[in-house]
Structures are given as structure tokens and as C-alpha cells.
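Across the two complexes that follow, subunit A remains constant while its partner is subunit B and subsequently subunit C.
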Partner chain A sequence: MDLFLQYLANGLVIGAFYALSALGLTLIFGLMRVVNFAHGEFYMLGGVLGWFVTAHLGLNFFLGLALVAATMATLGWLVDRFLIERVRGQGEEPGILLTIGLSIFLVNATLLVVGPAPMKVAGAFAEGPVFIGPIIVTKLRLLAVAVGAAAILAAHLLIRRTRLGRAMRATFQDPMAASLAGIRTKHVYAATFALGCTLAALSGMLLASVYSAQASIGGLVSLKSFVVVILGGMGSFAGAVAGGLLLGIAEAMWGGYVATGMVDVIGFVLVILILLFRPQGIFSARAERA
Partner chain B sequence: MTAMLVSASAAAPAGVVPTDRAGPVLVVDGLKVAYGNATALHGVSLEVHAGETVALIGANGAGKSTTLRAISGLLKARTGTITFEGRSIANLAPDRIVAAGIAHCPEERHVWPGMTVEENISLGAYLCRSKAEVQRRVGMAFHRFPRLRERARQLAGTLSGGEQQMLAIARALMSEPRLLMLDEPSLGLSPKMAEEVFEVVRSINAHGVTVLLVEQNIHNALSVASRAYVVETGRIMAGRRSEDLRGDPDLLRAYLGG
Partner chain C sequence: MHRLVLGSVLMAGVAAAAPAQAQETVRIGLIQPLTGSVAYNGQSVVEGARLAIEEVNAAGGVLGKKIELIIEDGQCKPANSVNAVEKLVQKDKVVGLVGAFCSSATAAIMPVAQKYKIPLVTGVSSKADLTEQGNPYFFRAAETDGLMAKAFAKILAKDLKLGSVAYIGVNDDWGRGGIEEFSRDLSALGVKTVLTEYFDHGTTDFFTLLTKLRAAKPDGVFVAAETQDGSILVKQIRELGITAKVFGVGSWATADFIKLAGDAAEGIHAAVPYASTYEAPRNQAFVKKYEAKYGIKPGKYGAAGYNALNIVAAAIAGAGSTDAEAIRAALQKTRYEAPNGVYQFTGKGQAYGFDAVLVRLEKGEPKVIASAPVEATD
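And then the complex of A and B:
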């Protein structure tokens, strides 16, 4: 039983990062209809930039986090305005090709600059275990989960409560009506892409403080984020969170009880099951725009 | 006040002279619009004067909606000028045109189905930064459309067609436009509901908002508008006072197949 609780806790920790990363993707994929294959590379950049500002420049972890968020938001904005903008409204294929190209560029640019070795983000404080009943979690993991949860909450409030958030929802439900109401839809698209990138990068930096960042990690992260988005339902906020936690727990259980070597398979098994039995995802009421 | 009484009781001028009180607010001259290689408008020219209700009538695909979409900035003009209150607005972004005082209520309503009625209405005043002012306008919208107040918390997608049309009009009015462009407001509505919508249009116009209306139902259009332009294959074929058009069945038949 204690072992089960420990696996569960490990699963929830990993799941929180999956949720944060998938949230970025669900905004871009579910709402903007851009199948963003560079998502994992934005995550990777978050980790590498996080390493650069904390371990290399020696900045405080939280200051570094803010700096990475601002940098990645800017990058996301520019990518949308100068690249995604050109293929908007032309179906999904041009966007897929574009983001695959972008992901190849980002991976190789990163390899060129920092090389293939794993890089560790300097954490906010020294590693140390925390005992919660029978469960052991490190302080860093707890902090990373807390920051992740705060980022999820902030994104939720941004979309639900702010003027920009209302403009986003209006634009994604009916872009023409949004234009006619005076909303600059170009800015809304760019802001959404920037937000998606930032969430991915934050997730990447948080996870790189627990494990490490690596130029080649992006592909796997993209795939897992797609898994989570499909589990939870496209564009669904609660779905991304639940899907992320579900994937994290499933992987932890599989790794703990069955075989550690094949952990990455479990997500795809879940996706196949979901697509067979509930193709709209766990949280979507119906299959929208399918 | 006296002047208005006089002009209302004076004999109506004949011909194409608009029923005008203050000169043209909107002047479209030689407007050409193309979708890719297909030219949709071959030089449309029209005028709308302050306080008027003007209709664009014509068969499906004649270019009526395209004209509105070009005026509101959704489509780019290839050539030609669009002047609103003396200022060129051709090829401005749609949000600048809303800010200039033109609201466009599009064909098929285009309400945001996953948002509540109240959210739909208040987003119509997106460019207004003052919360109190938006609240005041929402209050006015609910006063004008009591049915929408009853349904304030309901998702717009669950409303009937007529209610959605009222919501679309209420949303368009939230920017407090001086020119309201309505595209097929009676589309898909029962005759009774359509009559209600046109009653609303009359009352909006009576409150001083100039209206440019696109309508396939000629009878309805001519009953609301003081003047109408007949549009065919991207050109203006005629511009007449409504009663003259009604009295000219040959013209109506020639262009509209009615």
C-alpha cells in the first residue's frame, strides 16, 4: 500500500508537468487549430534557457523563471506573426509542415549552440526530502508542482476573467464576428501562441530543475502532449489537467508494477482506448469541429 | 425641432434625391473587390445620408454582402474609395472601422454560440475601455430587447433564430455606431419574427442611427428603407426611392426576377 501511494505521488508530480505542457498545446492545437509539432522544442528551449540563466548566469531560480517566460512569450509572438500568420486559414497541413520545419531548426540550432549534453537548471534550494506520511517527495519537486499549479491557475484566470481572454474565446468561436466587434484577431492569435509557448517553456524549465534539459527531448514531449490533449479533449482546459495527471499516474503505475523499460508506451495505449471508446476525449461534451 | 416638423410634412422630392437631412455620411465610389481572380464588385458607387435607411436589393450572389464586407474592412478594395463622415476608410482594419462609427451585423448572425447572451452583448463594446460605460450600454440593450434580458445567462447557441438575430443586432449596437449595416436580418425567420426584426430596425433608425440594409425580401426591404439600390452581378443597376421602386414592377422584375 505504501508503495502504491509512493507511485501515485510520483505520478501526480510528473502528471502536473504533463498537464502544464499540454495546456500550452491545447490552446494552440484545440483553439487555434494549429497542429504545433514544434511544441516539444519550445518546452526544450524553456529547459535550456532555464539552465543558461540559472546555472550559467547564476540568476535566482524565480527571476530566471520570469526571464524565460518573458523570452519565450516574445519568441512565440514573433513565430506567430512572422510564420504561422502566413499559413492561417489554409487548413492544417501547411501548419504541420511549417512547425515540423521549425522544430528541426530549433533542435539543430540548440545542438549547435549548447551541444547534446544534458543540462540541469539550478533549483531554488538544495535537494532535500519531504516526508508526507509514508510518501517521500523532494522539496524541489514540490516547489515545481506548486509553480506549475500556479501557472495553470494564472492561465485559467487570464482566459476566463480578462479582456484578452474574452477576445480569445470570441476569436476562436467566430473570428469574423470578433473582427466586426473591433477585436484585432491577429494580435489575439499571436497572444495565444505566445501563451502556449510560455506554458510549454515553463513546464520545460520546471522539469529540468528536477531532471535535466536536453536538446533532443522535444519529440517525445510533443508526442506526450498530444496524448494528453487527446485524452482530455481538444481545447479543454480541465481536460488537459486531468489528462496530464492521468498519463502521469498511469506511467508511474506501469513503471512501478509492470516494466520500467516501456513506460512511454502506456500513453499511446491510453490514446488508442480513448479513440475507440470516447473519441471526443474525457472532458469534451461532444466532438466539436471534428 | 421645428425644422424636423417642417421637413416631415413637406412634399417629398422626386427622383433619386435622398430623403436627406444632413448630407452623405457614407460615400462609396467605384468600389472594386475580387476574391482571387474572380471579380465580385465591378465598381459599386452609392451614398447613404444621415438618418436614412437605405436598402441594397438584388438576387443571391449579386454582390450585396460583398459590398458590406468591403465597407467594414473584412475584404480589401482593389480600387475605389469609401468615405465615412468625410474621412477615407478604405482598407482600414475592421477594428478601426468599428472605432470610426460603423457596425456591421453579418449574415447568419454569427453570435458566439459558446458564450452567454450577456457576454455576447458586452463584447460588442470591446473597444470601450470603461467598465461603467459598457454596463450602461448593456442596460440599454436589455431595455431595448427584454427577451435577451430574460436569457442573459443562457448560451447564445441555445437561442432561437429570431432571438439570435436580435442578439446580433444588440451586439452591433453596443459600439454605438452612427451607421449600422445589417445583412439579411430576416434570413430564415418566420414572417412574424421578421416583422419584429424590421420593427426593431425602424426604431433604431428613429433613434438617429443611419441604416444600410441588405435584404433579399424586397417587400420587407422597401417597407423599411426610404431608398434602395438594385444590385446585379457586382454593379448598381438603379437607385430609387422605395415608393418609386414599388411603383415600377418592370424594373423590379427585370433585375430581381420578381
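And then the complex of A and C:
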């Protein structure tokens, strides 16, 4: 029983990490209909920048996190204004090609600048185990889950409760009507992409403090994020959370009771099952465009 | 299109018959993973290789020409590595190949090297059966897991007082091979196997695996992993409060591993073919040069790249031409004085004669506690 509880705790923690890292992807897809294949690379940049600001600029973790968020928001804004904008309204394929190209560029530029060595991001406090009954977790993991939950909630509130969020939703329902109503849609698109990038980078830095940051981690992150987003339903926040937790727990149970060697298979088996029986995902965001 | 195919076939034929006659430099191709989860280790091989070539060229090169190193990213994947070899042979007209890190990738490029009759030396790939395939163009300037297990299993079982061991390895031929060899030799010494688990390259979270490990309560944990996976793994072993003694194979005796793993690295035993603290004048000189160039002490892979390129360069010089057969014959007669002993090749192309070491990581330094020569097996 203790063993089961520990597996469940491991699964929940990893699931929360999956949800957090998939959030930016689902946001950009759900609101902008851009399939962002460079998502994993924004995550990676978050980790690498996190290493830079903590190890080289000597900032403390939370200050560093804020700086990384601001930097990545700016980068996201610029990427949208200078790159994504050029292919907007031309269907999904040009956007896919563009983001794949962007991902290749970002990986190789990072390899060129910092090299392929794994980097350590100093955590918010010293690592140490925390005992909850028979279960062991670590302080940094709990912190990452807490900050992740806060980020999910904040993004949700931003989209549902603020003026900017209303403008976002209006723009993506009907760009023409939105601009007729006086919304500056260019800025709304750029803000959405910036928000998606920031979420990706935040999760990248948080998780780099638990694991490590590395230039070529992006591919794997993108892959897992796509699994999570397909499970939960493209564009749905609740879906990303449910999909992440489902994947995390499924992997932990499979690894615990069967074999850890083939644990990556689980995600794809789940995806195939979902696509067969509920192709819109567990939660689907029915935000069809007019 | 037909003409293009014909053209490349012709070019390949010409290249094989009279390789690189008109070239200003002698070209050697190096295939390593430069992206992916072992990219960092592949990069170390490249660093070592560059240092070797720099030295050879500073001493006048070979055959009166400079050596040019052409590096390709094989990503440790068989298909990409084969593509890299095709490009190196067809386009760059290399006279020798070094690569391709992962045993599976090396196994894939071996027949290609044989097809084009280009000698291939690996400084890393340790899967035992590579040298058993009767490929005359293939040479392994590295230890195999079997040779390491044979050299150190007894010392490990006695020094660490092992009664039971859990085996954890990366899920590829190297990881599986290492576990196979060590579990066989340790079992023969009466050490019980309580758990055998694998994880995929690039895994970041080992808590599930380690939960199982904690429940199995072994005396020792054998780990076959490279820098990135390994450093995260040992950190999480300590985070979960597991006190079993950790030992393993992989790039553990390196400054980077110790830096990444932090305190968790303390007390780990590693069986490695090379450690920068190995006591020999040649090694001290090598470490000094490497550190001056890269600002970091060489590890297993830096040394592997350095040795492999020196062996190939010496063979080309010894052959007196860039003719593949002559180079192959010269490789067979190799007697290369490396930082860690003298490399020679058996008839099957397996290196022997150099020292492997068992180190314990103490206060951020790999301390050599035993060394043993890798012996010829056939």
C-alpha cells in the first residue's frame, strides 16, 4: 500500500509538471490555431536563461524567474510580430513549417552559444526530502507544483476576467468583427503568443531547478506536451491539467508495476485510444471560429 | 537522375581506387552525437579528437600534409550515422573514419565502412559483439563491458561488501550489455540480483524506478548511464534517502558529472577506462594540455577521442600512403603509447594493453583505488 501511495504521489507530481509544460502549447493552439512546434525550444530557453540569470548574474531564484518571464514574453511578442504575423490567415501548414524552422534555429543557436552540456539551475532553496506519512517528495518538487498551479490559475484568470482576455477571446472568435469593434488584433495576437512563450519558459526554468537544463531537451518536451494536449483536448486548460495528470499517473503505475524501460510507450498508447474513441479529447474546447 | 546516380557511383569508385590523391590535406571523418541526450559526451570526444589533430599537425602532420578533421552529427542514431558516413566518404573523401559513439550506431556504419573499404576506429562503442563480426576494417580502441566486469567485479564485491545488488541501466545496447556483464560476474561471486530496470535516454524523473529500488533494499546499486542521465539519477537516489552504495560504468569520473551531481556524487565508485587522476607522466602531460585548451580536465570521452585520432593518424603515417589496405595493415600493427598505457589490437581489432581504473569520487575528485590492464581475449 505504501508503495502504491508513493507511485501515486510520483505520478501526481510528474503529471503536474506535464500539465505545466503543456499549458503554453494548448493556449497558443486554442486561441490562435497555431500548432507551435517550437514549444519545446521555448521551454528549453527558459531553462537555459534560468541557468544564466542564477549562475552568472547571481540573482535569486524568484527574481531570476521574473526576469526570465519578462525576457521570454518580449521574445514571444517579437516572434509573433516579425514571423508568425507573416503567415497569419494562410491556414495551418505555413505556421507549422515556420515553427519547425524556428525550433531548429533555436536549438542550434543555443548549442552554438552555450554548448550541449547540461546546466544546473540553482533552486529556490536547498534540496531536501519532505515526508508526508509514508510518502517522500522533495521541497523543490512541491514548490514547482505550487508555482505551476499558480501559473495555471493566473493564466486562466487573465483570459476569463481581464480586458485583455476578453479582447483575446473576441479576436479568436471573429478577427474581423473584433477589429471593427476597435480591438487592435495585431497586439492581441502578439500578447497571446507572448503569454504562451512565457508559460513554456516558466515551466522550463522551474523544472530545470528540479532536473537540469540542456540545449537539446526541447524535442522530448514537445512530444510529451503534444501527448498531454491531445489527451486533454486541443486548446482546453482543464484538459491540459487532466491530460497531464492522467499521463503522469499512467506512467508511474506502468513503471512501478510493469517495467520502467518502456514507459514512454504509455503516452502513445493513451493517445491512440483517445483518438479512436474520443478524438476531440477528454475535454474539448468548442471555440470554433465564425 | 540516372546520370546523378551513375555519377556518384563513379565518384565512389574513383574515391575507393585512388582516394584523395589531389587533396591538400589528409581527411579523417569523425561521427559523434552532437545533439540529443548524449550530445555532451559526444562533444567531449570531439574536443579530445581536435587536440590530437592539433598536436599531430603541429608536429608536421602525416605524409607531409596536414590532417583535416571533418565532424558530422550522427545523433547516436543508426540511420543518421549511416548518412553521415555516406557524406564523409562520397563528398569529403575521407581516408579514415572514427565513430560513432553508441554501439547501435557503430554497428550500422560498420558494413558501410567495409563497403567503401575505409578503416573505422571507435574509441567508445563497447558492446562486446562488434569485434566478433569479422569486419576487417573495424578496430575498437576501447574497453568492453565484459573486460571491465572481469577486471573489477571481485574488487567491487569485496570493497563494498555487496550481498545484493540492483541493476539500473539506460535502455540501449550499451546499458543492457553492461548490466549483463556485471550481473554475470557478480552473480558468480555470490552477489544476489534483486532488481533489474532500464530507463530511456533523456529520462529526467526516476522517482518511480527509485521507489521500486528503495523497496528492494539492495546493498549496492549498479548504474550504467552517461553524464546527464547519470547525474540526475544519483541526485534523485539521494533525494529519496536511499543509502545503498552506488557504483557503475559510464562517464562518471569527469569534472562535469561531479559538478552536476554535487554532494550526491560523493563516495560513488566507477569503473572507467580513463581518469584524469591516473598516475603516469604521459597522462599528466595530456591533462595539462587538455585543461589549458578547454579549461576542464579530460574525462573518459575526451581521452577516447584523443586516443582514437592519434591511433588513426599514426596508422596513416605508418602506412606511408592513404591507401586503405595499407592503413588497415598499419592499424593492425598499432603500438600507440596513450596517456593510460599502450594500445595494441588483437586479430579481431579489439584493443588491449591499456589500463582501466576503478575510481571513488571523493571531495570532487576521482580517486584511483585500483587499476588493471585490459587483456587480450583471443
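Quick note on the criterion: the second predicted complex is superposed on the first by the 284 of 290 C-alpha atoms of A that agree within 3 Å, B and C clash if a C-alpha of one lies under 4 Å from a C-alpha of the other, contacts with A are read in each partner's own complex, and residues count from 1 in each chain.
The working rule: a contact is a pair of C-beta atoms (placed from the backbone, for glycine too) under 8 Å apart; a residue touches a chain by one contact, two chains touch by 3 or more.
None of the values given here were measured: they were computed from a predicted structure.
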For A:A170, is the partner it touches subunit B (first), subunit C (second), both, or none of the two (neither)? first
Have a look at where A:A252 lands relative to subunit B and subunit C in the superposition and call it first, second, both or neither. second
Based on the superposed arrangement, let me know which partner A:L180 touches: subunit B (first), subunit C (second), both, or neither? first
Once chain A of both complexes is superposed, is A:G261 in touch with subunit B (first), subunit C (second), both, or neither? second
Partner chain(s) touched by A:I217 [first = subunit B, second = subunit C, both, neither]: second
Among the partners subunit B and subunit C, which is in contact with a greater number of residues of subunit A? C
Output check: A:E93 vs subunit B and subunit C. Expected answer is one of first, second, both, neither. What do you get? neither
The residues of subunit B that touch subunit A in their complex are 72-74, 93-95, 98-99, 103-106, 110-115, 119, 123-124, 126-127, 171-172, 175
For the subunit C and subunit A complex, residues of the former touching the latter: 34-37, 39-40, 42-43, 171, 197-200, 202, 204-205, 207-209, 211-212, 215, 227-228, 231-232, 235, 239-241, 256, 259-260, 262
Parts of subunit A lying in touch with subunit C, wherever the complex brings them together: 3, 6-7, 10-11, 13-14, 17, 107, 111, 115-118, 120, 127, 129, 136, 138, 207, 211-212, 214-217, 220, 251-252, 255-256, 259-264
For the complex, give me every residue of subunit A touching subunit B. 163, 166-167, 169-170, 173-174, 176-177, 179-184
